[in-house]
Amino acid sequence: MTIKSRLEKRIEETTKWEIRRQYGADGPNEGHLWVLACMDERLPVDEALGIRADTPVGGGDAHLFRNAGGIVTDDAIRSAMLTINFFGTTEIIVLQHTGCGMLSANGNDLEAALRAKGIDVDNVPMDPSNPELTLESGSFAKWIGMMDDVDETCLKTVDYIKGHPLIPDDITISGWIWETEFRRLRAPITGTTEGRERTQYAASVMGVKGSQPPRWS
Amino acid sequence: MTIKSRLEKRIEETTKWEIRRQYGADGPNEGHLWVLACMDERLPVDEALGIRADTPVGGGDAHLFRNAGGIVTDDAIRSAMLTINFFGTTEIIVLQHTGCGMLSANGNDLEAALRAKGIDVDNVPMDPSNPELTLESGSFAKWIGMMDDVDETCLKTVDYIKGHPLIPDDITISGWIWETEFRRLRAPITGTTEGRERTQYAASVMGVKGSQPPRWS
Amino acid sequence: MTIKSRLEKRIEETTKWEIRRQYGADGPNEGHLWVLACMDERLPVDEALGIRADTPVGGGDAHLFRNAGGIVTDDAIRSAMLTINFFGTTEIIVLQHTGCGMLSANGNDLEAALRAKGIDVDNVPMDPSNPELTLESGSFAKWIGMMDDVDETCLKTVDYIKGHPLIPDDITISGWIWETEFRRLRAPITGTTEGRERTQYAASVMGVKGSQPPRWS
Amino acid sequence: MTIKSRLEKRIEETTKWEIRRQYGADGPNEGHLWVLACMDERLPVDEALGIRADTPVGGGDAHLFRNAGGIVTDDAIRSAMLTINFFGTTEIIVLQHTGCGMLSANGNDLEAALRAKGIDVDNVPMDPSNPELTLESGSFAKWIGMMDDVDETCLKTVDYIKGHPLIPDDITISGWIWETEFRRLRAPITGTTEGRERTQYAASVMGVKGSQPPRWS
Amino acid sequence: MTIKSRLEKRIEETTKWEIRRQYGADGPNEGHLWVLACMDERLPVDEALGIRADTPVGGGDAHLFRNAGGIVTDDAIRSAMLTINFFGTTEIIVLQHTGCGMLSANGNDLEAALRAKGIDVDNVPMDPSNPELTLESGSFAKWIGMMDDVDETCLKTVDYIKGHPLIPDDITISGWIWETEFRRLRAPITGTTEGRERTQYAASVMGVKGSQPPRWS
Amino acid sequence: MTIKSRLEKRIEETTKWEIRRQYGADGPNEGHLWVLACMDERLPVDEALGIRADTPVGGGDAHLFRNAGGIVTDDAIRSAMLTINFFGTTEIIVLQHTGCGMLSANGNDLEAALRAKGIDVDNVPMDPSNPELTLESGSFAKWIGMMDDVDETCLKTVDYIKGHPLIPDDITISGWIWETEFRRLRAPITGTTEGRERTQYAASVMGVKGSQPPRWS
Amino acid sequence: MTIKSRLEKRIEETTKWEIRRQYGADGPNEGHLWVLACMDERLPVDEALGIRADTPVGGGDAHLFRNAGGIVTDDAIRSAMLTINFFGTTEIIVLQHTGCGMLSANGNDLEAALRAKGIDVDNVPMDPSNPELTLESGSFAKWIGMMDDVDETCLKTVDYIKGHPLIPDDITISGWIWETEFRRLRAPITGTTEGRERTQYAASVMGVKGSQPPRWS
Amino acid sequence: MTIKSRLEKRIEETTKWEIRRQYGADGPNEGHLWVLACMDERLPVDEALGIRADTPVGGGDAHLFRNAGGIVTDDAIRSAMLTINFFGTTEIIVLQHTGCGMLSANGNDLEAALRAKGIDVDNVPMDPSNPELTLESGSFAKWIGMMDDVDETCLKTVDYIKGHPLIPDDITISGWIWETEFRRLRAPITGTTEGRERTQYAASVMGVKGSQPPRWS
């Protein structure tokens, strides 16, 4: 083989990787995977899932969505809809964690704190680039998205995504909890505290008084 | 020093890290940093910014928000509001990239494709957990958030965040473009194509016909 | 310096290490430390305590006693008495762990199982080399040393050693629990299950029926 | 294979390792091995036997019992009985070493030294948690367990364990001497000093006058 | 095999490598390759082509010709003629790069600068060892070899070499551009600036006024 | 320092390196060095001189000119003139080597071989891009540049460059011989064969009959 | 510093090392050391003495003499005389080892074995290059140089060298034994077997009958 | 396999290595090799021959004899005789080197220098342990063993050994020269200086006047 043909091949492969998105469903990420995870600095997504999200040329295991809490939002629906319907993704992982900031305060108290700073929380633009998206007045505290219980939230998040009309039925979806305290992964636990004691799995465990505004009911 | 006192100290430090969020503004991440980045598998956030988002016990340089495009959304505002007002963060980085999937199609075409599958895009729930959040009928294609131009989008994203009432004035905010084609970072470029030619910086460059629905105007 | 004098010095140092025990209190181990730990294969003593028990020539951080449970026994008292009174040791660490085999069955059931094999447990020699050591008939099940609760056992073990007439008052003594489930160390916890849930800290947690024979009362 | 099924498998394996003791004989350590060794800081058990006692998740080659001398005691019998009868262990190694502290003094002198400190050695509790275990008055010096000869002690230790009614007949048992002076292993040597000269194999070699109290006769 | 025969073989191989040139076409370099590249310190030839030009005993992938610009000159023709006709080489690579010094000024200006220093550029000896080689008076600025466009130059260089009577027809020849700005290789681009924008591919791009003296027309 | 200012600084430094040539004499290579070396695959320039010619971003020790022989030619004069007068270079190294192909045949024989192939060597274009450069008819064999003696050639090469009107007087110039046989460097040797025996330093040593066409006289 | 001066310095240092012997006492080895050691493949001289005998350019800690036994012979005297009187050496180490082949048979038996092969051991040339060196007839077995006791031999070797008229009085001389069995060094031991039991220190220990021919008396 | 049987096997192998010499011809070194080399600190035997003379337990490629010059002496004959006839060796390598101290002076001058120090060189004991070995008066200078030419010496050394009655005919013998100047091996060269010029291969090359005392004739 000549050096010439070796160089031609190398350039062809690199170029294809660079314009991968233009191939649509024929240019998926390596894992055909979309991850919804919390933005916390103590949540190591690659370690937790055994994948590589940050990659050398040619690689990249997942489309990685992260927000405060790793919860379902209209943005999460939007992002999942795109990767699932248009970019070849076939699996969804929801990854939340204990000790989350979303469990560390009551949404009503946060709202009050912002009001105390002089912010009119009933009239903040939801999305400055998209005024057609509106929030019913009085719903601000709910919109913040604080959780009462991370396991319940994780399971509901999975359910909400599964049931959403923009997500096809044949997608594999699962939810997982990273225990910040123990640097280990577990499946969400329901109807009991057994198996998650000692972790900061709930707002009450983190010293928060009262229930959160009822978004997750 | 006895082994006993050594062990006591080690446990104290680890415990503090685990419940860091309960310290609020006194328990910030290491970089006092919030990053808004695209979810693309070819965007290596740690390499691009020279930070460590995934960390050993005790570390963690940033709260890392990622969505489709790395654009401002109500979810991004919500997440930034939380880390800035309540968790000690003082700097925001917006990180978008060339060759983005958000530049690879026209939002109207995507909407049409979904309709063709039988989905009623005028009545999809925005956020199944938060029905108070609504989208004006007919705005679906706009809501998808496709971009015409990544540099313009990045700069507008910085502006939108800067001007939002939930973000204090003294926060450092900057926007950056990762060039997927060259694995390198640049500042956004305006009013010209000079300095970004050869990258897939715009929908037109990626072969998309027509303007996107006018969210970013 | 000649090679000759270098070699003389090297040999002198190695020789002193080899006959260290003949120096009595003037030839202590490196950490002046005695550890009482369980014999379980999943209890990594060096990792747990940040010491090096297995060493190159010249090193060695601790006298390391291990038995079933890491509990106080006449053998533990004997071994601690020797290192403390005669070999320069000044600190004691008790290291037990969750998921211990000593929590995994009821001592009475074990006794019954041995009887069922035809063993006369009322007349087994305690120590075949030391017939002067005797066990009151009927105490076999108690002698086995099964635990009800590992934290309580650890704390009592510390107390028993502290109060024993063969152990001087000025020795530093502390007790620690290794959580097998999480590969991490914690201090023992009393009067509550908070802080140790999800670990196999008690016989009841491991599915054992009834209380152990009352050695640890 | 989906990421979901990969994660399920990983969690299943880790969990099984953590609760291994609850499987009884079906959850043995990796080597099906019980080791009786001296607690000396210069006895590197892993190096000497070519095993790994301290291990990563999933591993662990032996139940490792260590006391002063690595001698048979009621505690050793108790611990061996448990691992052999209830936890799937099928082999026993006795590991003692030259230059042992148990060869470095005469038990009678140690007893005298304790008396000189004001300790009533005829009435010390054997095991504060187990008063039913008693030592015949006047046997204290013998109970200390000093050795005259480490090879003889090792061989007798093997014999005592072999012949004990709590130890089944089909267990493989062997005894070994670690030479601290040469960092090497040898089989015990009997009826002669050939093959162990230059090591501190006997109390007399270490400068001790008189025979030990006759425990090992 | 004896040590003797092993040593004889080793010496034979090394000796053959050392006098390789005396074998003519039967002693080619490892890649049967001749490279014509620019002398710029920022052009990493080995990295760019995936070869090893600097080598251990026995190796060496290419005859590597480098001059200012990596352009065709009589010296390049001479060197290529030798390796192709007499030393077994069968492939030629031309490697030029963006940001080249040959694009950074106008040849006429350089000539003027030299004249200003008092140099008579119409009568400089071309090659002091070879006075038979002469340059038509007034051609100095052209001789300097500055480029207007690196891609065009690269392609013409390939053509000139291909068509030269001293180069046989069956030699594989290709030309490549190293982008200094992006540390990556590309094929030369013609008739458009598409695909090379943002690189310093032309003198005009580097701020040079006017066309170069017309060597490359 | 904010992440923003860190990123600005990093981009500034990289950009400066990329457009270094536009700084002229203020953007020299790291060593302020120009090397004239043979193109032989067995001449490891970096090893021989202790420099790094192929470099990471920001580095690069030399402008590296290589041709058949590492001899002075009009191309070498041109390239040296450029780096010395316009790009901040202050030192020149000439690096030739034993066992060179330029010593392995007689130029007259090479000319004859080409004629035998049907090539009209009296009328080959010297440089197809520069017809103003001409070679006196009958000088072809001389133009090939074969050497009689590498040390003499190296020294003359240094002299020719030193004396050339395009090279200023204050430039440091030295010449060196790499011994291919011994992988080591030596200074050129004159007027004797002492100190270079056993190397292929001359055409006669390599079995070539007759003197070369007298270019180097 | 120019590259030129750097290269001149490097060549000067290397050259001096190469012709070091021509400097006589002003060009000693690095350790000013002469070692007399046995030729056994199990005697690691560098490890035993903590020196480097095999070295990179510029190094070399000792003149290393090795023969069968590491004993004094006329060759050893000759070699020591040269390094001590003419090459700057100031210290001598004698290094013998246990388990030596020179202890593994009786010299008389070896003589007999050679005779049995038909060799006339009374008339073998001592040194074929030096017929002036003669051995008294009947002394062959003695000449073989077998040892009775390695420690005694080592000490006598030191004494013989110390007392020899060709060795000045102010040279540091010491002798050492490498224990092949334990891979460790010790000083020679006299008048007792204490401290060397278990090693193959004597011919009798290695099963040899009778005393050696009395060379070493 | 039990740990017991693993330990028995390991001890058996180590023990066999330690007493290897007692096996005679059945316990040869790994290479079945005897090397005769110079004692010079710049002669790296392992590197030169590609063997390992200094070894871990179980290894050892050669019996390594070294003296001043690496020449044949009665000691060399003695040592070779032993390894060849009694210890299973089947190959001999003679390894001398250029720049040897044995080429750096005239033996007569060395004799004179010793006389000048007051030493009676006609009556020095050859070997203080072996007075039966005598040197004809007046032969001292010859006995020193200085060389005129290292290649000739190496070849004669091979011949002398080959022809010696104590060396069987079927032994493989070869001689090699290490070039200190070039750190490389070559076969000895005869009847010419071609191939060894530039090395210090002869006394005359090293500046020595006159021929050596005629030992090597």
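Lettered A, B, C, D, E, F, G and H in written order, each chain numbered from 1.
The rule is short, and it goes like this: a residue touches a chain if its C-beta (ideal position, glycine included) is under 8 Å from a C-beta of that chain, and two chains touch if they have at least 3 such contacts.
Not measured: the values here are computed from a predicted model.
> Among the other chains, which touch subunit B and subunit H together?
Both subunit B and subunit H are touched by E, F, going by the contact rule given at the top.
> So using the touch definition from the top, which pair is joined by more C-beta contacts, D-G or A-E?
A-E
> So what's the Cα centroid distance for subunit C and subunit E, whole Å?
For subunit C versus subunit E, the centre distance works out to 75 Å.
> How many angstrom between the C-alpha centroids of subunit H and subunit D?
The mean C-alpha positions of subunit D and subunit H differ by 53 Å.
> For subunit F, what residues touch not just one other chain but two or more?
181, 184
> For each chain, which other chains does it touch, given as pairs?
A-B, A-C, A-D, A-E, B-C, B-E, B-F, C-D, C-G, D-G, D-H, E-F, E-H, F-G, F-H, G-H
> Spell out the part of subunit B that touches subunit C in their complex, as residue ranges.
Subunit B residues touching subunit C: 2-4, 6-8, 10-11, 14.
> Going by the contact rule at the top, pick out the subunit G residues touching subunit C in the complex.
Subunit G residues touching subunit C: 31, 33, 49-51, 91, 93, 172, 174, 176, 184-187.
> Which residues of subunit H touch subunit F in their complex?
Going through subunit H, the ones touching subunit F are 181-182, 184, 193-199.
> Please give the residue numbers of subunit H that touch subunit G in the complex, ascending.
Subunit H reaches subunit G through residues 17-22, 24, 29-30, 34, 39-42, 44-47, 53-55, 57, 59-68, 71-79, 81-83, 85-87, 99-105, 110, 113-114, 117, 119-120, 124-130, 132-136, 139, 142-145, 156-157, 160, 163-166, 180-181, 183, 200, 206-207, 215-216.
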